[in-house]
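Each of the next two complexes has chain A plus one other chain: chain B in the first, chain C in the second.
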Partner chain A sequence: MSLLNIFFLHLQQVLHHRLRSLVWFFIPLMNNLTLILFWSGALKNSTPSANWTMFSVTTYYFLLTIAGAMLSSHIEEDIASLDIQQGDLVRYLVRPFPYYWIKFIEEVPYRLLQGSYGIILLILFSLTFGNLIQISSDPFVLIMSVVIAIFAYFLSYTMKVNLGLSAFWFTDSRGFFELFTIILIVFSGGIVPLHLLPTTFQTLSYVLPFAYTAYFPIMAIQGQLNAAQLSQVIGVQIVWLGALLLLNRIMWFRGIKQFTAYGQ
Partner chain B sequence: MGNDMRRYFELYKALLRFSFLRFTTYRALFINSMIATIGWGLFQIIWINLLTIRTKSAFGWSKNELIILAILYVIIIGLFHFFFTGNFERFSVIIDKGELDFILLKPIDSQFMVTNFLQRFPNMVRVALGIGLLCIHLYMTNTHISPAGWIGFMVFIVFGIVLLYSLWLAYCTLLIWFPRLTNLIDFLYTINGISRYPSEMMYEVKNFILLFILPFSIAIATPAKVLVRGTLDGEVLGLVFLSVGLFIATRIFWKYALRHYTSASS
Partner chain C sequence: MSIIQVKNLTKTFRIGKKEPGLMGALKSVFIRKYTDFSAVTDISFSIEEGELVGFIGPNGAGKTTTLKILSGLLYPTKGMVQVAGFTPFERKNDFLKKISLVMGQKNQLWWDLPPMESFLLNKEIYQVPDHQFKIVLNELSSLMDVEDILQVQVRNLSLGQRMKCELIAQLLYSPRILFLDEPTIGLDVIMQKKLRDFIKEYNKRYNATIILTSHYMDDVKELCKRVIVIDHGQILFDGLLEEVIKKYSRHKLLSIVFDNPVSVHELGVLGQIVLHEGRQINLEVPREKSNEVAAHILKTYSVADLNIEEPPIEEIIRSLFSKKKQSHVTA
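== the complex of A and B ==
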């Protein structure tokens, strides 16, 4: 109950700054609309491919925008700068809630608001341009997609929390964060869908956790994966989530010993 | 006038020195900034190579020309980031925290002080990386650039940067009315990304949005065209007129906005 109250308090704060959230939403939207525009010209001179037409381009980048807004956590800067470097962590340490979960509750309202912007845009786009967006209508696929999306968010969130916790050991981690962002964009299908890339690149992407935060949720909701592949994606997500949570516990318990706070 | 110019020149030299000292004093900042700037420079090359993996050309630009455009983006944006973006980022904080008052009280032009206070030296590494990549790419693809192309490119880079400066200043000036919108800077970084694409692509947007995105696009694509194709077409004139016109317009807009600045206490 207390956690729910905390959630609503944060939701109020997020709604108070809804224009800022809208600007954050416009950032991936702008990128992806530009990519759609690029492909509208590039496809005329491309190697023909059955799974990469203007229809699938539009669907992919629209869903990528929604996935970016709804499933991609941005908590690392907050944890590193405000909590660890400026010392705000102290106020969390004296509260009777695990730090991992309280940050989770702080982050969720942002994702809900930005995700709702994405869904509104998707509805408007679908109403204007008809069936240019391809989404599966199979209830089983939809349920599995929701499960994959939830795990995708947890994966993204845990990765970013761990990234933020690295501030226990580094005085300035921004360069490291930006490198991580670049790797994430490339291997999560943020430029082009992974199935269009060379086999070696695809294999590497499927081994790393990044594709499971955006690319696979998109493929799932489009109905591009069969039942076995959907289960396999969930399995890999669970394995990665377990590994990242283990890393999180190690980083937290070791890092907290490094942390010092001063005051009178 | 001459004295004023010399005073500003001396001040700029002092600010350059200050920025360099700041950059070298904090070692973690130094290392991190270098990593980030090289990372983003390389990202542009990875990005265009992935994007053109299945395409031979787009909007009349061959794959080779698109790669050159991406490399030139690394160079020109590196220069722009070196001179200005740190200042625009700082500006959003200045407005939000009400520190503009202190700048307005100084016996110096406020626009100069706000937009030239800080230089980001790590971006010179990005510029050097871009130049190196350009030389390697031109050599490997056997692309010949005429001397006129090189000269034209150097000249129009200046207009491209002036255009970007004016656009950023115009948008950032809005912060005087909307001080909480500090993430406008992140949005500007994103819109800047449009300049990695051929300007012909933007003409596909057949509505009012074109007015907002086309200037960003021609800022880099036009000097790139001059370099690669060695031709001076109508777009070159457009770049010159737009950069000069917008520079004057944003100056007027800045002065107008300052009249509406209500200071920190209000």
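== the complex of A and C ==
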């Protein structure tokens, strides 16, 4: 009950900034609409493959927009800049509540609000151009997709928290964050779906954690993974989450020992 | 048993150094030089439950570093620290529920929401039962006189109102130990007084242990019987405030109003004239001779009024720090 109350209090804060969320939602939407435009031109002048038609292009990029808004955490800048470098971490450290979870509760309402913009847009688009959106109607697939989506968010969140914690050691983390974001976008299928990439690149991306934050959740809800593949995705997500949480604990305990609470 | 115990505490920071100019910048690309800076060095003190202690010192003296170590924010380099039976840096939940750190320069309330929402958040985080929350909130908001602003956005409150709400947010769970770092900074004199009255009342009502740092000597004079004077990371004095005066002030101030004009030259022999306005003269005399000089003046001149005063505490502290600074320079 207490957790739920804390969540609702943070939701109030997020609702106060609802327009900011909407603006941030439009940025990935514009990027993805540009990519849809690009593919519509590309597919017009070439023979479409069986698994990459205009339908799957539209579905993929719309779902990518929702995944980007709902499942992709952006907490690293807050942690690095405000909490560690400007010293706001002080107010979290003196509270009897784990930092990892309080930041989680702070961010989830943002993701839900931005995700809901995406879902509203998807519903409107489906009602207008119904045949362009392909989503599985199998209840098993949908349930597994929700599980994969939850793990995807935890993966993304833990990755970004760890990235933010790097500010304990680096005074300027922005360049590092930008570099990481580019790698994340490419390997999570943020530019093109991973199955269209060369085999070596595909193999590498399936080993890294990034694909499990966006690409696989999209594939799952589109019904392009069978039961065994869905379970395998969840298994890999759990392994990566375990490794990232371990790294998180190490970074946290080492980092706070040298935290100097600058600016306080 | 003391509620706060500090033994041989040292905190050292590693600071990067760069030689000036372009060559220095190029060198630092390949070889970084670091130096150790000791914020506090081998300090020891203990504080009993219910005490209200002033921690005073100039900027960079080590006051805030000590408070941060006591509240578990910083990891000590050396030494032993125990607060309410806990090692602060372990930051156990039971420890964090017993302490509160209030920083006058930092806003912990949600800026866009009314203070009530931040209070509710702290209620949930500190797991304060509903009935206790209501009682404490009513008590604190009436003591602070902020009942009318609890529903107003924090961004629309004045600095004084914000500071009051800040304090309430930090006291809702009735902490036993308060670390107040410059709680009256930036406030006008009326608001400073109100805040001081509140701190005094909280200390009395809850038998709370309070450590206060402040640059305003009025805060210290009005609130603290005991002071710890710190400079360059070392404790210069730990004891009653009045003892600072006795120990570090070698003079007393005779404030005299004469019936008739007197010769300044004559009085100058008895002590140092620090003020001369009409018939009012303030004379600084050695502490041990103050009674003797006063008696001589009363016998020799026609006096309308004479007071023997201690010099202002600000003066004493200032001279204490400047003496220490000189000794550092000499050393």
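Definition applied: the second predicted complex is superposed on the first by the 258 of 264 C-alpha atoms of A that agree within 3 Å, B and C clash if a C-alpha of one lies under 4 Å from a C-alpha of the other, contacts with A are read in each partner's own complex, and residues count from 1 in each chain.
Just so we're on the same page, a contact is a pair of C-beta atoms (placed from the backbone, for glycine too) under 8 Å apart; a residue touches a chain by one contact, two chains touch by 3 or more.
Since the model is a prediction, treat every value here as computed from it, not as a measurement.
**Student:** Check chain A with both chain B and chain C modelled on it and let me know: fit or clash.
**Tutor:** Partners fit side by side after overlay.
**Student:** So, A:260: does it touch chain B (first), chain C (second), both, or neither?
**Tutor:** It touches chain C, and chain B stays clear.
**Student:** Contact-wise, after the overlay, does A:46 reach chain B, chain C, both or neither (first, second, both, neither)?
**Tutor:** So A:46 only meets chain B here.
**Student:** Thinking of the overlay built on chain A, is A:93 touched by chain B (first), by chain C (second), by both, or by neither?
**Tutor:** The second partner, chain C, only.
**Student:** Who does A:9 touch here: chain B (first), chain C (second), both, or neither?
**Tutor:** second
**Student:** Quick check for you: in the superposed arrangement, does A:231 touch first (chain B), second (chain C), both or neither?
**Tutor:** neither
**Student:** Using the superposition on chain A described above, determine whether A:182 touches chain B (first), chain C (second), both, or neither.
**Tutor:** In the superposition, A:182 contacts chain B only.
**Student:** By the touch definition at the top of the document, which applies to A:17: first (chain B), second (chain C), both, or neither?
**Tutor:** A:17: touches chain B and chain C.
**Student:** Answer with first, second, both or neither: which of chain B and chain C does A:196 touch in the superposed model?
**Tutor:** first
**Student:** Just to confirm the value: shortest Cα separation between chain B and chain C in the superposed three-chain model, in whole Å.
**Tutor:** In this superposition, no C-alpha atom of chain B lies closer than 8 Å to one of chain C.
**Student:** What residues on chain A does chain C touch that chain B touches too?
**Tutor:** Of chain A, residues 17 contact chain B in one complex and chain C in the other.
**Student:** For chain C, which residues are in contact with chain A within the complex?
**Tutor:** 13, 64, 68, 71-75, 91, 93-94, 96-97, 99-101, 103, 105-106, 108, 110, 112-113, 117, 120-121, 124-127
**Student:** So in the complex, the part of chain B that touches chain A is made up of which residues?
**Tutor:** So the residues of chain B touching chain A come out as 26, 28-29, 31-36, 39-40, 42-43, 46-47, 50-59, 178, 180-184, 186-187, 190-191, 193-194, 197-198, 200-202, 204-205.
**Student:** Which of the residues in chain A come into contact with chain B in the complex?
**Tutor:** So the residues of chain A in touch with chain B come to 17, 19-20, 23-24, 26-27, 30-31, 34-35, 37-38, 40-47, 49, 52, 170-176, 178-179, 182, 185-186, 191-192, 196-198.
**Student:** Taking the touch rule as given, give the residues of chain A at its contact with chain C in the complex, in rising order.
**Tutor:** The contact residues of chain A facing chain C are 2, 5-6, 9, 12-13, 16-17, 87, 90-91, 93-97, 102, 256-261, 264.
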